[in-house]
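Chain nomenclature is as follows: A, B, C, D, E and F, assigned in order of appearance, with residue numbering initiated at 1 for each chain independently.
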Amino acid sequence: MRPSGRAPDEMRAISIETGFTKHAEGSCLVGFGDTRVLVTASVEERIPPWLRGKGEGWVTAEYSMLPRATHTRGQREAAKGKQSGRTQEIQRLIGRSLRSVVDLRKLGERQIVLDCDVIQADGGTRTAAISGAWVALRLAVDKLMAAGAISDDPIEAKVAAISCGICSGTPVLDLNYHEDSSADADANFVLIEGGKIAEVQATAEGATYDEEGLLRLLRLAQIGCAQVFRAQDEATRK
Amino acid sequence: MRPSGRAPDEMRAISIETGFTKHAEGSCLVGFGDTRVLVTASVEERIPPWLRGKGEGWVTAEYSMLPRATHTRGQREAAKGKQSGRTQEIQRLIGRSLRSVVDLRKLGERQIVLDCDVIQADGGTRTAAISGAWVALRLAVDKLMAAGAISDDPIEAKVAAISCGICSGTPVLDLNYHEDSSADADANFVLIEGGKIAEVQATAEGATYDEEGLLRLLRLAQIGCAQVFRAQDEATRK
Amino acid sequence: MRPSGRAPDEMRAISIETGFTKHAEGSCLVGFGDTRVLVTASVEERIPPWLRGKGEGWVTAEYSMLPRATHTRGQREAAKGKQSGRTQEIQRLIGRSLRSVVDLRKLGERQIVLDCDVIQADGGTRTAAISGAWVALRLAVDKLMAAGAISDDPIEAKVAAISCGICSGTPVLDLNYHEDSSADADANFVLIEGGKIAEVQATAEGATYDEEGLLRLLRLAQIGCAQVFRAQDEATRK
Amino acid sequence: MRPSGRAPDEMRAISIETGFTKHAEGSCLVGFGDTRVLVTASVEERIPPWLRGKGEGWVTAEYSMLPRATHTRGQREAAKGKQSGRTQEIQRLIGRSLRSVVDLRKLGERQIVLDCDVIQADGGTRTAAISGAWVALRLAVDKLMAAGAISDDPIEAKVAAISCGICSGTPVLDLNYHEDSSADADANFVLIEGGKIAEVQATAEGATYDEEGLLRLLRLAQIGCAQVFRAQDEATRK
Amino acid sequence: MRPSGRAPDEMRAISIETGFTKHAEGSCLVGFGDTRVLVTASVEERIPPWLRGKGEGWVTAEYSMLPRATHTRGQREAAKGKQSGRTQEIQRLIGRSLRSVVDLRKLGERQIVLDCDVIQADGGTRTAAISGAWVALRLAVDKLMAAGAISDDPIEAKVAAISCGICSGTPVLDLNYHEDSSADADANFVLIEGGKIAEVQATAEGATYDEEGLLRLLRLAQIGCAQVFRAQDEATRK
Amino acid sequence: MRPSGRAPDEMRAISIETGFTKHAEGSCLVGFGDTRVLVTASVEERIPPWLRGKGEGWVTAEYSMLPRATHTRGQREAAKGKQSGRTQEIQRLIGRSLRSVVDLRKLGERQIVLDCDVIQADGGTRTAAISGAWVALRLAVDKLMAAGAISDDPIEAKVAAISCGICSGTPVLDLNYHEDSSADADANFVLIEGGKIAEVQATAEGATYDEEGLLRLLRLAQIGCAQVFRAQDEATRK
């Protein structure tokens, strides 16, 4: 039995509330259990300098935790004057994950920025962010298509992410904060609907695992992402 | 008639949803119309270096806008590496306003940090932040008192804030973004329940007003803050 | 009797020495008692990016204290690597105050930067800075008009500023450092010759005041600014 | 056939020159083909604040590219005033990888900093850095043990890293810069001698792979790391 | 004949006005012709961390140009967020120069900070700053000695500085801005009363000189510093 | 006898290994005894903004110490977020020194950046850097001339640098770290082949010297630079 009382392959409740803010072209408040991330998709009719004149667009992401999203208050990065290595690592991961399912040529010379702000943290904030970012992106692209700005859909598939870990020797799915801090190994999988892998980040600080362990974590991730894909589907079908 | 269709002395709907996040000692999501600010109060059992050994506590605030709280996306201050002058000005105002109703000796040697993060902006974010910060502070202090950490209530009164302005020659209350950007003069009043003034910041860029105009704005603010005091009361009585 | 021995409505001696530096288009060393601020006005034949093509000019200000302007040495902001919130708040106030009396269209597509460097501080540095900045601006604009670069005078009126406060229950005018640090409430008024108000910033940290108190402070400010207007007049008539 | 002319499972020449600098407690110049990284291990008799009093040591890493390690000169991070997200991501990876084979309690209350400076880059700089860092760490720990500062060896195993990728549909080992920039998917594996995995970072920007692909990359990595382990062995046996 | 109309070995008028600000323990406004630098000496009863427990004091300096000290306005370093290389080079030079005549053991465990702020620049700001800093230091040390905080005078000699250069082939003394910008070579000498040299910084960008040229510049500097020593003497004897 | 066992006018062994890295247009690893500096010359087909349209090129330098180039590890400047005053002073000196022998008009509208990274420090890093930078520059210019990008050689002469100092009263040449830290006075000379001086930086913190001392140091420098010129010649003739 896991500390959370869940079965090893049991996800927490997923919630996706679309249209959470009125200005953004796409937005949602995504929840994986008590983890809640506000994602907005902003369409900008300009692209980074290094892409100019290539007829392509860009999708990028920024990530931040509100200071009191966590058990004890963290210092505000804007006050510290720089983003931590962890923040930068996560926002680069979110951007890459979303770009893995977007045809940037079909997007045209515009940029979509996905802002992922963690309102409340209880483990898995980066995977919730990626999963919610797909929804916000989908909504923003739908708006561009409805307005005739884009004719061919640049989104080729759904992408979702989930964390897995090994707790007391047992591979488990979707760790909350309490489980995460005592896990022997920790892995984040970004999967694409249809069985493809976009990204694997598996780390074992203090403990290690082998090929068999990696595969078992991947299979849990496939179970988890299947549920996220359904939730994304419901959220965007409305 | 105002652009918003409201009467000159008519406020927007005020909403205060307490307990919006689970980790903070006090929290609320405060809404003045479409402006929504998430406020958390964090109790820290330490004080700034310059207060050590004085037997007093401290109350301070930080303020930030989520990048897409506004019509067009603003650059994230953590990414720019510094807080703007506007941000610093506002967070200093929030801190001063709350301290004007707190007896810091009764608080004991601890600090309460009020984080005000604007989720959605439509004018009046600083006044909504001050008004909500009082609620979050009240909840955090109630928790300290319930736990026996504080015996005498350090909060001496309610404090609330509202913006007023002169639009096409008419003094109006609680400007939304559209009204604010076309106002001739703009004033923020921070008032204390019982008729006292904590702070006045009245500015006329491009236009000016006289003593009479200042008084008319102050009276509108008194009307507005009376409604905020009632909303604060309801939110914290629950 | 005030700590300074002055009557409640008595200003300190005002001194304005124009032409204090030779390179600037306009400059003065302004003194309110022992507070001395060097102000230079620099005319630049370019405007901020967001004003380009609008046929308007810009007036802006920067403010700084020399490290040993004060009783104990403060750290140099250039060495710390950032301007404090207080500095930014003050320089924004100076800029707004001066723009409230300038017709930016008549200025043409150029910028005037008002640098206010506090040589010696004894209370009221921001109000001395605003009052001196008007003189430096006036001199710089006179030079532009004499050179034929501007035909219509863009300066519509004089603007001056003064601080007031409530000390031991009595409203007093033009506080020095000693009075300021023990004041119950503190207010800075920026007034325009002819009875108009450009800006009010009234704060009560620890104490509060009411509508009556605000009015009494405003009336003291009117007395004080009348004297500043005369000093500005003499300084620029020479 | 690969662009480099190598077989899919063929490594570039590995070179490890120990004692490259005289001041560091351990150092080497590690080469994977034309990629050359200078690694120094510095023993410091102090630990990070958050570890004080726990009776444990710490191992951490910093990473940097010399400006002209690459085809075109990159801006110096010290001149830009901040480390890029990429730099921080890599140095965090190096630190975690080394800590996965160190018993921090046996290290005692001291810190070993591994500085990895890329002298010349041709793909795989982070994996060369990890592989060389183990050598520098081994040498520094040997020196501590020879001096009697440590009695039990805190290093539990060898750790090495290698990059793999999918080029034109074929999984290949140890990509050089040319291969890396055209790869469909890119993965870095950090393996521990004896069959354990310390870290997997597999990314597919633009393309994707499946479970089968991940396994094939892992097997290439096992082939590559076996060769690195031998080179580490030779370098430290001298 | 020099552009300035002066003879090759002719200094500009030197002026030293002591007590220019009231808070600093020592202060003066030093003028070399139109170059004017405000120097304050601040005594702090603490020393840098690396000197603690050695029974010695410290003398250090900071240097800054007001934005409009020059012909065209320069950007404020506090606004840019960092001090330029030039600023740092100059303030290091000033500190070293003053320390060359101070016995830091006799100063006791305290620090004297010399703030040199250029009010108006017309060539030779660093040499005027060094020459004035000696006066401010002398006044601050006199005050410490008068108060009995120091018994033995820690100042061993006078130190002064002057710039020389080669203009159109002729070595000249004390260059103004116009001469400086067209000089073939430029040298700053810091000399100690009695014939000793504290520092030489001789640069030839674009042109070069030989041993003979260096000696001729040194002799001009000796002529110039003799006059500065007299001015320092008069200023501090009052 | 010197601490190093060398005669007063005896240099350490000079080594210059050209082509140390493969990407740079010119590069060398220069050694003055145990001091080793990697210098790369990067040709960039663009110039700084303030040079545009003048038909001239630019030569500039950057300098850095690897963290463990020294006896104890120094903090990485990229991690601290700024370059120290010492670093900036040195890189400005390197740039000026090289420009003193380059005809920038003959270079054409391009920039050559000399990156000097200290791999191992044992005194004299800046003089080794200047001496090696000339070699890297020579190689890069040769490549430009061979490619026909430049027709007239812009390098007018060799430039080299050496440090001298006064140790226990004796002027000595080319100080190592141990000698440097106990020297009474310290001077760096940048000399041009043929007897000209490009730069002198002579400092006496704690001690002082006179005209005679300065001349004796200069003569030692002439002896030392003659040897560096020969080594530069050999290195670039190959």
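Note that a residue touches a chain if its C-beta (ideal position, glycine included) is under 8 Å from a C-beta of that chain, and two chains touch if they have at least 3 such contacts.
Quick caveat: nothing in here was measured; it's all calculated off a predicted structure.
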Along the shortest chain of touching chains, how many steps lie between chain C and chain F? 2
To get from chain B to chain F along touching chains, fewest steps? 3
Considering only mean CA positions as chain centres, point out the chain farthest from chain D. C
Interchain centroid distance [CA atoms averaged], chain D/chain E, Å: 51
When the C-alpha atoms of chain A and chain B are each averaged to a single point, how far apart are the two points in Å? 33
Inter-chain centre distance, chain B versus chain C - centres from mean C-alpha coordinates, in Å: 28
On chain C, where are the residues touching two or more other chains? 81-83
Between the chains shown, work out who touches whom and classify the graph as line, ring, star, complete or other. ring
Ring, read from chain D with chain F next in line, is D, F, E, C, B, A
Within their complex, chain D touches chain A through residues 82, 84-86, 88-89, 91-92, 96, 99-100, 187, 192, 195-206, 208-211, 213-215, 218
In the complex, chain D residues that touch chain F: 21-24, 27, 34, 38, 40, 42, 44, 62, 64, 66-73, 76-83, 87, 113, 115, 117, 119-121
